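Please find the structures below.
Two complexes are shown next, each including chain A; its partner changes from chain B in the first to chain C in the second.
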Partner chain A sequence: MSNTSNYFELFELNPAFNIDVATLETNFRKIQSESHPDRFVTATSTEKLQSMQLATLANEAYQTLKQPANRAKYLLEQHGITAIADTNTAMPADFLMQQMEWREAMEDAVSEKDIAVLEKLLLEMRTEAKRLSIELSHLIDEQHDYAAATASTRKLIFIDKVCADILKAIEKLED
Partner chain B sequence: MALLQISEPGMSAAPHQHKLAVGIDLGTTNSLVATVRSGLSSVLADEQGHALLPSVVHYAADNTIEVGFAAQKKLNLDPHNTIVSVKRFMGRGLQDIDISQLPYHFTETSGMLQIDTRAGVKSPVEVSAEILKALKTRAEEALGGELVGAVITVPAYFDDAQRQATKDAARLAGLNVLRLLNEPTAAAVAYGLDNASEGTYVIYDLGGGTFDISILKLTRGVFEVLATNGDSALGGDDFDQRIFCWILETAKLSPRNAYDMRLLLSKAREAKEWLTEHAEANVSCMLSDGEYVNVTLTTQEFINLTATLVQKTLAPTRKAMRDAGLEISDIQGVVMVGGATRMPQIRKMVAEYFKQAPLTNLDPDKVVALGAAIQANVLAGNKSDADLLLLDVIPLSLGLETMGGLAEKVIHRNSTLPIARAQEFTTYKDGQTAMSIHVVQGERELVSDCRSLARFELRGIPPMVAGAARIRVTFTVDADGLLSVSARETSSNVEANITVKPSYGLSEDEITNMLKASFTSAEIDKKARMLAEARVEASAIIEAVKAALSADSALISVEEVQTIEAEIAKLEVIALTEDAEAIHQAVEALNHATEAFAAARMDASVKLALSGKELNTLDL
Partner chain C sequence: MAYSDKVLDHYENPRNVGSLDKNDPNVGTGMVGAPACGDVMKLMIKVNDSGIIEDAKFKTYGCGSAIASSSLVTEWLKGKTIDEAYAIKNSAIAEELALPPVKIHCSVLAEDAIKAAVADIKAKQLAKETV
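Moving on, here comes the complex of A and B:
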C-alpha cells in the first residue's frame, strides 16, 4: 500500500476519468487518519519518516485525482501519453481563436478595472470546463480515444490557466 | 476492575498514564495556557485567578525579568525596557517594521531585528521565550509534573521565518513542541468539538497584531482547511494607534517622549475597549510636562477613524473564499476569534459580508488555547480513539529565484500539508560545478517583493557540458508548516545532497549558547544537555517500539521480532552509560531494525481503514 505508485489503487478506485468523488474524499480522509504525522508524534523516527512519505503521497494523489485536468493528464500518462510537452502544443484553429478572445476580454476588463466583467468571464470559462469534463469522460472511459482526449485535456489545462490568471487579476484590482 | 499500576522508580511510565501536555496561545497582547483534564479543555489561571498573561516582558534594573501583569505595570514607567507586542517582531527585520512610534532601541542582526535593553541585546525569540517560560511554570505548578510537550499556536498567515522563530522560542523555553498549530484551526477544534458541527465554516480571527481568515470543512472529526489568508501585521494594536493619532491631533500635542507615547497608547486602548459597550469614551491624563489632556471620542468618530482597517480584512477574506471555490451561501457559520472581534463595527461588517450573524458563544480570547490543548492531548497519545484529525495548508506560496529576478512557484499557497515538490534545474555553462539557489515565499512575481527564506550554494556538481546536469531540488513542508530544502544531482552517480534550514532559524549552537546564558551558574553545558536529550530519545523509542510489538508483532516473523528485541536490550544497557553518541547510535540501530515492521504496520492500518473497520476496535 505505502509502496503503491498508482494513485487510483491507493484510493481503491477504478482507473477512469469519471470517478466517484465521494469515495475519493472518504478514502483520502481514511488514509490520512492512519498516516498523518500527527498520529506519529511520539513514534520512532522510522515511523515518522514513513508517515511523512505516505501522507505526502496521499495529498499529492488526492490533488491529482480531484482536479479534472490533472486527473485526465494523469490517466493519459498511464497510457504513455504526455498531454503537455514542450514540442507538443498544437491546438485547433477555432480553439486558438477562442483563446485569443478570452485573453483580450480579460485584458480589456483589467484596463477598465471591471471586476464584474472578470467574474462573468470566469463563470463562462468554468461552464466550458464542465463541458470539456463531460466530453473527456466519453472519450476516455467509453470510446478509449486517447488522441482526442489529449486534445481536450490540453484545452482544459489551458482554461484552468486562464482562470488562474483571471483570479490573479481580480486579486490585484482588489488590492 | 482495574488494578493500580506502579512502575519501578526510574522506569518509564506505564503506557496508559496520562501525559501532561498543554496548548499555548502565544498572542500579541495576551498569552494563555490550557490543558485537557478529565476530558475537558480548560485554561490554567495564575495564583490570582487570571487566565490571561499579558505578553509583556520587563527587564528590570536589578537584573530580574518580569513577565505579565508585573511587567505591564512598568510599561509607562520604563518603556525602553518593557517589551510589548513582541510577536510583531518575530522573524522580521528592521525594514519590515514601522519603528517611528515605538519606544525601543533596535539593532539589526542576521535577518531578525533585536532590541537593546538594559539587560543586553535581546532577540524577539528570547523575549518570547520568557513569556513561554512563565506559562510553562504556571502549567507545571498547576498540573504537578513536568510537561511532555506543548502545542504552540501561530497565526495561519505566519510565513516560514515567523514559524521558525516561534519554534526556536519554545525550544529556548525548554518546551518540547508537539506541533505548531494555526490559530484559526485551533479555534475551529474548540468550537467544532463543542458543537459536533459538520459543514463549511469560516474562522475570522482578529487578534492584537495579526489577522487570519480560514475556511474549514468539518467531516466526522476531520478538520480540513480549504483555504487560508490574512495579514500578519494587522490587529487590535492598529485600532489603538488610530485613536492615539486622533488624540495627538485633537489635543494639538507636539511630538512626545517615550513615556507620554506609552501613556497615550494605553489610554487609546482603554478608550477602544470602553467603546465596545458605550457611546463615547473620555480620555484624560496628565503628561510628563504637566500638560493636561482631556478629549472625548464618540462611537461614530471611532468607526470613521477605523473604517479602512475594518475594510482591510475584507480583501484576504475574498481571496480565501475564492481560493476555496466557495460562495457566501456555502458557509454554515462564521466563528469570531480574537479580542479585537469584540468591536461592534467588526461584527457588523462580518455579518453584512457573510449575510449571517457571526458565532460568538465561545470566549474569543480563550478559544485558541482551548483548541490547542485538545490537539496537544491527542498528539501526546492520551486519547486512544483519536478521531480528531487536522489537515492544514501552507498559507503562502514557496518559490525559487529564476533568471531576471523572477520567482517561480514550486508549492502553491493552500496546498495541504505535508507536501513535497521537486523541481529540476540545469547548468548554463560548460563545466559549471556550483549553482546558487534562492528560496522565497510570497505571491508576488518579483523576487524582491517576496520574503527571502534561504540562499545556498550547491557545490560538487560533476563538470559536464551546459544543460547536461540534472539538479533536482526538493522542497518539503512538514505538518508544522516548516520548510526544508534538499538538492541532488541526478544525471551522474555523484550525489550532492544537502539540507538547508531557512536563514532565520537558530542553529543548534546558538540555542545552546542562549540556554547557557540563561543559567547564571552555567550548570548545564552542551554535553550534559546532549546526554539528557539522548536518554529521553532512547526511552521514547523503547516505549514506542515495545508498544508497537505488543500490539502488532503478528505482522512480522518471530526472527524479526527477536532481532528488534535484541536491539532494544542493547539500547537499554547503553542508555545507562554517559556516552551520548553511543546512545544515539544505538537509537539509530533500533530505528533501522524496525523499518520493515513500521512499513508493515502502516500498510495494515491503512488497509484496515479502507476496509471500513476501525483499527482500535480490533485492538480491544
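Moving on, here comes the complex of A and C:
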C-alpha cells in the first residue's frame, strides 16, 4: 500500500500536465479495490482506518488529476502558486469582454429556448478549453513558465464554468 | 447554504441591471472576474461634470451573493463622488449583506469592479483634458 500523499506518486504518474489517462484510470481502480471495506471486515481497527483514509485520498486525487483545470491548479500549488486567490480579480480585459459576450449569447439562447445555439456555444467553449489545455501542456511541461500557466489556468476555470452552465441550461430546456 | 434576507431581496429584485453607453466620455466601465467561482461582473457608472455619479448599472453572471453585492453597490454609488466611490470597502458590502466567509470574495469582486470603473472614468477624463 502506498504511503504518499502526493497525487501523482499515488497513481505512479510523472508530475506533469500531460498525463497518461489510462494509467490514471487503472491505478485508481486498483487502489479503490485494494482499499474496499469488504476486504477489511476482519481487519484491525487501525487497518480499517488506514484503508478508509487511502480510499478517500485516492478519490480526491483522482478527481483532481482527471480534470485539466484542477490538475493545472494542483501542479501550480506544488510550485507554491495559488492560481485562484480570492483577492485576485484582475483578468485581461479582452478575456472578460469575451466572457460577457458568451454569457449574453447564452442568456439570449435560453430566453429563446434555442437549444441549437446553446449546443453551438458549448462546442465553441469546448474547443477553447481544448486549446487552453494544449497551451498548458506547453507552458507547464516544456517551458516551465508557471506565471503564464497561472493565467491560462484561470481562463480555463472560467471556460469550464460557462460549459457547465450551458449544459445545465440545455438539460433544463430538454426537460 | 442559506442566503440572508438582504441577499435574497437583491437576488430576486436586482436593482439597476443593464448597461450604459460605453462610448460616452462620462461613462466608466469596470470589468472583473473571480476564477474561484467563474463569476464575471461588469459595472458602469455615469459621472456628471461635478464628479458626482448620476447613474450606475451592472451585469453579473454568478452566484446570488455576487449579484446581490453588485446590485447593492449600484444603489450606494448614486450621488457619491468618484473618490467616495473608490473608498467603498468590500467589508462594508459583506457586512450589509451578512455574507458568510465563503462568499466574501463576492464582495471583493464588487469592490474591485468599482475601482476598475473609477480608474476607467479617470483615464477618460485625463484623455479629454489632454486633447
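Here, the second predicted complex is superposed on the first by the 166 of 175 C-alpha atoms of A that agree within 3 Å, B and C clash if a C-alpha of one lies under 4 Å from a C-alpha of the other, contacts with A are read in each partner's own complex, and residues count from 1 in each chain.
Here is the rule we go by: contacts are C-beta pairs under 8 Å (C-beta built on N, C-alpha and C of every residue); 3 or more make two chains touch, one makes a residue touch a chain.
It should be emphasised that the depicted structure is a prediction, and the values quoted were computed from it without experimental measurement.
In the superposed model, A:Ala83 makes contact with chain C only, not with chain B. Looking at the shared chain after the overlay, A:Thr44 reaches chain B, while chain C stays out of its contact range. Applying the stated contact rule after C-alpha superposition, one finds that A:Asp94 touches neither chain B nor chain C.
Once chain A of one complex is fitted onto chain A of the other, the partner contacts of A:Asp175 are limited to chain B, with no touch recorded for chain C.
Judged by the number of chain A residues each one touches, B leads among chain B and chain C. In the superposition on chain A, contact is made by A:Leu167 with chain B only, not with chain C.
Look at A:Phe158: by the touch rule set out above, it reaches chain C but stays clear of chain B.
Interface residues of chain A facing chain C in the complex, by the touch rule stated above, are 83-91, 93, 95-97, 99-100, 103, 153-154, 157-158, 160-162.
Of all residues in chain B, those touching chain A in their complex are 149, 178-179, 219, 222, 224, 315, 318-319, 322, 375, 378-381, 386, 389-391, 415-420, 476, 478-479, 540-541, 543-545, 548, 590-592, 594-595, 598-599, 601-603, 605-610, 615. Against chain B, in their complex, chain A makes its touches with residues 1-2, 12, 25, 27, 29-39, 41-47, 50-52, 54-56, 59-60, 62-63, 167, 170-171, 174-175.
Listed in rising order, the residues of chain C touching chain A in the complex are 31-38, 40, 42, 59, 61, 104-105, 108-109, 112-113.
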